[in-house]
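Just below sit the structures, each encoded as structure tokens.
Here come two complexes built around subunit A, the first alongside subunit B, the second alongside subunit C.
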Partner chain A sequence: MDILSWDGTLSSGDFRLAACAFMQKWKSVMSAFPPWSWVPCPKQPWGASASHDVEGYLSLENIILSCYAQEEHDEISCPQKEETSCSEKEELIDIATLSNCSKVPYYDLHIIYSASYRVPVLFFRAYYSDGEPLGFNAIEKDLPAHSAKALLDSKWTFITQEEHPYLNRPWFKLHPCGTSEWMKLLFHVDVSVAKNGVTIELYLLSWLSVVGQVVGLRIPLEMLNQP
Partner chain B sequence: MAADSPSSVRKVVVHLRATGDAPILKQAKFKIPGTDKFAKVIDFLCRQLHRETLFVYVNSAFSPNPDELVIDLYNNFGFDGKLVVNYACSMAWG
Partner chain C sequence: MAAHDSEGSILVFAQFQSKVDEGFWHRLSSLKLNKLGIDDSPIPITGFYAPWSHPQVPNNLTLLAQSLPTELSEQSSTAATSHGNRNRCPVQGTLYNMNTIESFHALDKKNLLKEEAKKIWDDMHTGKAVEDSALLSRFLLISFADLKNWTFHYWFAFPALVLDPPATLVDLRRASEYFSLEEAESVSAACNEWRNSSFTAEVPFFLVSIDPNSQATVKHLKDWETCQSDGHKLLFGFYDPCHLPNNPGWPLRNFLALICVRWSLKSVRFLCYRENRGFADLGLSLVGEALITVSQGWREHQCLPNAVGWEHNKGRQVSRCINLAKSMDPTRLAISAADLNLKLMRWRALPSLNLDALSSIKCLLLGAGTLGCQVARMLLAWGVRKITLLDNGRVAMSNPLRQSLYTLDDCLNGGEFKATAAVKSLTRIFPAVDAEGIVMAIPMPGHPVPNHEEDSVLEDCRRLHDLIDSHDAVFLLTDTRESRWLPTLLCANTNKITITAALGFDSFLVMRHGAGPFSSNHDFRAEAANALSAIGNVARIDSDGRQRLGCYFCNDVIAPIDSTANRTLDQQCTVTRPGLAPIASALAVELLVGILHHPQGIFADGEVANSSSNGSSEQPLGILPHQIRGSLSQFSQMMLVGHSSNSCTACSSTVVSEYQERGMEFIIQAINHPTYLEDLTGLTELMKSASSFNLDWDNETDLEEDDDCVQV
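Presenting the complex of A and B:
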């Protein structure tokens, strides 16, 4: 793909390719993290879709993204307990502990191809361990303060809520209208790209390095060093 | 300051590079302790350009998390003794 004329988008077929490459790379580097999986979807019954090769999306579910996860590496555990309040109300210790634990948000992340924008789109939702979903204000509070604010204020990235294309439930989504612009910028400065053209296999990795910051998903630098 | 040990004060040369429609800085090269987070570079850029947000990225088509250490970014993306950090301004919605 000639970098000078590339518009930052990719075809549905390329998305499928990029998704496979991304899943493999993720599995090999992030062994302590659950893997992404590909969720195939049935074709629309009215057969309008011409993209017969990308009926599906990437999914990573039930993960902890926030500072809670960074401090605890394997077991999911509660954030710092407030000892003073617990000791005063001994009969409520269990409940207080439980409510602290239930305030750890879990995330479901889906990467879904948008045929109209020709780019991937991040859909996500968050919920506490008791199943209670987080509304937008709660999610905003939970996001990593520095990067999320910057990205949310940016005109290139903003969050909307709309129906998940396949699951018929409201999810949050990072609007795709700026994606092709910043993907173009990202690849324009890649020296190897200038020589060899855009490597589709790296598309999702680059894309997620930006989009992941909004939800607090940090891409380890080792991911880029894999062949 | 007391005598410094080389490992703790190793500084990284950062070269800030405007891309897209971003303004070019008069002073685009500086040194920053490797132990600082990338967030410091981003904050510096935003202050210099009087903007609240910028799109910031390095070579290899990657936008580093602000919590990354500058020294780690240099080790992964640096060349010719410096870390090139590209920046662009977010364009308005069409």
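Presenting the complex of A and C:
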């Protein structure tokens, strides 16, 4: 791909290719995290469908992104006697009750291709361990302050709540309208690209290295330079 | 509680914890609305869990959207077939979803738990639990879905049969400490194989048999007899969702009960199988030995042991509650989508857009006809939430075509009141709008009031006064000239943002009124200067030496009179080209937005296109005109500036101060005697003198360029 004429976007077929390459690379370098998986989706019957249409998205679910992971949980050693609100007599000594006061947020990340912007879009949501969803304010508090804030205030990123295209529920997403512009910039300044040209395989990783920061996901730079 | 170095202490288990994915509630709501209705019979559901693999937090028993049967399936007797994978071992459960909060609280929890425990007990005795060991982890869920508030009350129970007396713990340590190196390696390999095979990955209870050569194999529970006769070292393994170093997880409870019932063992060596990143981790897994000392009688099938297992909520045995309005309530979703639209506009194109001002401004629309309907819609689009419409008419059959808030239904049975119908329509479009309808006529000069009606007219005047007082911006959208008089006066009195739109057959006028004569910006300097100018025919100047902009009546040389009498039918109906109203309404609202974003608000100068560039005209929204006059026949538009007239019958200081002094008495007088206003303002004199000599319009104050002269 000629970098000078490239507009920062990706075709839907390329997205599929990029996704496969991305999943491989991720497994090898980001071993602290579980692997991404590809979720196939049924084609929308009403869509402007061609046979090469993307039929799925990348998913990484149930991960802990915040600083919480490093904190010590103080609830471990406090088994409690339970009070019953059902009238049955319970055996008090028999049950170690872990009071589930620890509110550890989990994140689900989906990377979904946008046909109208021709770029990937990051969808995410957060919830506590009992399933209760986090609102955006709570997420903001939870994420590493420095990088997230800078990105949130920038003119390149904009977090909105919109309906997930496949799951029909509101998820948060990073609005894609600035993506192609900064992807182009990103590849312009990347030295290895100047050497090798823009490759599909690197697209998603590079993209995620930027947007991932909004959700506190750090991708080490050396991952991007590996062949 | 159960330290590994103390002999014979009671074995204490870490309770299962639940996690309900939002999708489950969505699916349940939809099932309830579309299929179940008020049917509250038990529903078979599937939960999912897996061995612990997360740092520091336990693996929960999870319910997802697919935990519920799909709406299309007719079988409700069998639980959903496994949708699991190695990270989602399916477990059967029963859901009791109640119809009211009272019935939810009134459920006999003890009994329900007993019933569910009995199922497990029976499965143990019949051997079903050996065949399908996931049955040992059956669970129960009771719930109440409040679909008005999108709140879900729920409570899980993980029934565990209580050993009586309880099992004691002889030993508990890390598996890596228990096994020899060779054994550990072999056990890990065997477990990984078990976990990776699609036949066995979802089987959460198994046997680990280690031969004298330290080779381990993992087997199904039903192979126990064979293993027994082998004489090899045997451990009872299970997927342990718990993460604690000193406690095994909940599934072990029923596992021990099964072992006791089926195979009458007194001493059980168990393996709490836990993983790290998808692979067996014997450093995290635990191996322990438990002693079971129950009596023979306890094991009898017909004697159901006690069961425990209602989930604790923050240490207490109470139900949980979750509110999902933000993601399920359509009104909330509509609000956030509307906000999103405006925020996008601000982000991409107009960073100085003041969304707070727009969402908090209160707009009063006088007239809910062709103009009123369009203005209301445009305001909604700009994020205005508080809209009051005033109109005393009813929706007529011809209205829906041009008045965009009405449909045929509003015309039936004599027609709904426009103000009411408009509010209903706005609320249907955007439920979060705060819309109010006032059915009232505006008192007008030239339409004298009979004595017996005077009180009600006075009442209307006062009401109008209060309405204007309690809003921030007023749109004059009525269909006669005289109906605009009183509102103009009242707005000038209180310096409200006032915008007029008026239609001719193929032309329109949209303008913003200037500030009133006694705006708070003035100081006593202006008062003095104005006192001087009262002598001449000079327009009021404000403290900055500028003239204030005029109102709708400032150009008039006659007072508002009854314009409706003696007109032909089509004139009375104000027939206009249909395209005019939408254009004029749109401009009126854009003008309002411009005023809100201008640092001087209603005191802003009127600008025209091509005005010389000075700092003040560089507003992000563009210029802020005073008057826009458009012509459809020319497809053209021009901007004008007119300054206030000292003889204005609506906004001049004479009139406003008269109103301030005499209030309603003055209003009634003006209504009943239209020439009164002309006399008061000196228009009568003016007209007389105009016919006697030429009036020199040049005067001492600095007028703007010729372009800005008042045009009629």
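We take it that the second predicted complex is superposed on the first by the 184 of 227 C-alpha atoms of A that agree within 3 Å, B and C clash if a C-alpha of one lies under 4 Å from a C-alpha of the other, contacts with A are read in each partner's own complex, and residues count from 1 in each chain.
Definition applied: a contact is a pair of C-beta atoms (placed from the backbone, for glycine too) under 8 Å apart; a residue touches a chain by one contact, two chains touch by 3 or more.
Note that the structure is predicted; figures quoted are calculated from it, not measured.
In the superposition on chain A, A:135 makes contact with subunit C only, while subunit B stays out of contact range.
When both complexes are overlaid on chain A, the residue A:185 reaches subunit B alone and has no touch with subunit C. Looking at the shared chain after the overlay, A:127 reaches subunit C, while subunit B stays out of its contact range. Touched residues of subunit A, counted separately for subunit B and subunit C, are more numerous for C. Touch criterion met: A:210 reaches subunit B, while subunit C stays clear of it. Applying the stated contact rule after C-alpha superposition, one finds that A:160 touches subunit C and leaves subunit B untouched. Of the two partner chains, neither subunit B nor subunit C is touched by A:103.
Once chain A of one complex is fitted onto chain A of the other, the partner contacts of A:177 extend to both subunit B and subunit C. The intersection of subunit A residues touching subunit B with those touching subunit C, taken from the two complexes, comprises 155, 177.
Across the complex, subunit B meets subunit A through its residues 17, 19-20, 39, 42, 52-55, 57-68, 72-73, 76, 84, 86, 88, 90-94. Considering their complex, residues 31, 34, 62, 64, 69, 73, 76, 79-80, 82-88, 90-91, 93-102, 104, 127, 129-133, 135, 155, 158, 160-162, 167, 169-170, 175, 177 of subunit A touch subunit C. Only residues 1-2, 10, 12-15, 17-24, 26, 54-58, 60, 62-63, 109-110, 113, 162, 166, 244, 247, 277-278, 306, 308, 310, 312-318, 320, 322, 324, 326-327, 333, 336-337, 340, 343-344, 347-348 of subunit C touch subunit A when the two sit together in their complex. Within the complex formed with subunit B, the subunit A residues making contact are 144, 146-147, 150-151, 153-156, 177-178, 181-182, 185-193, 202, 205-206, 209-210, 212-213, 218-219, 221, 224-225.
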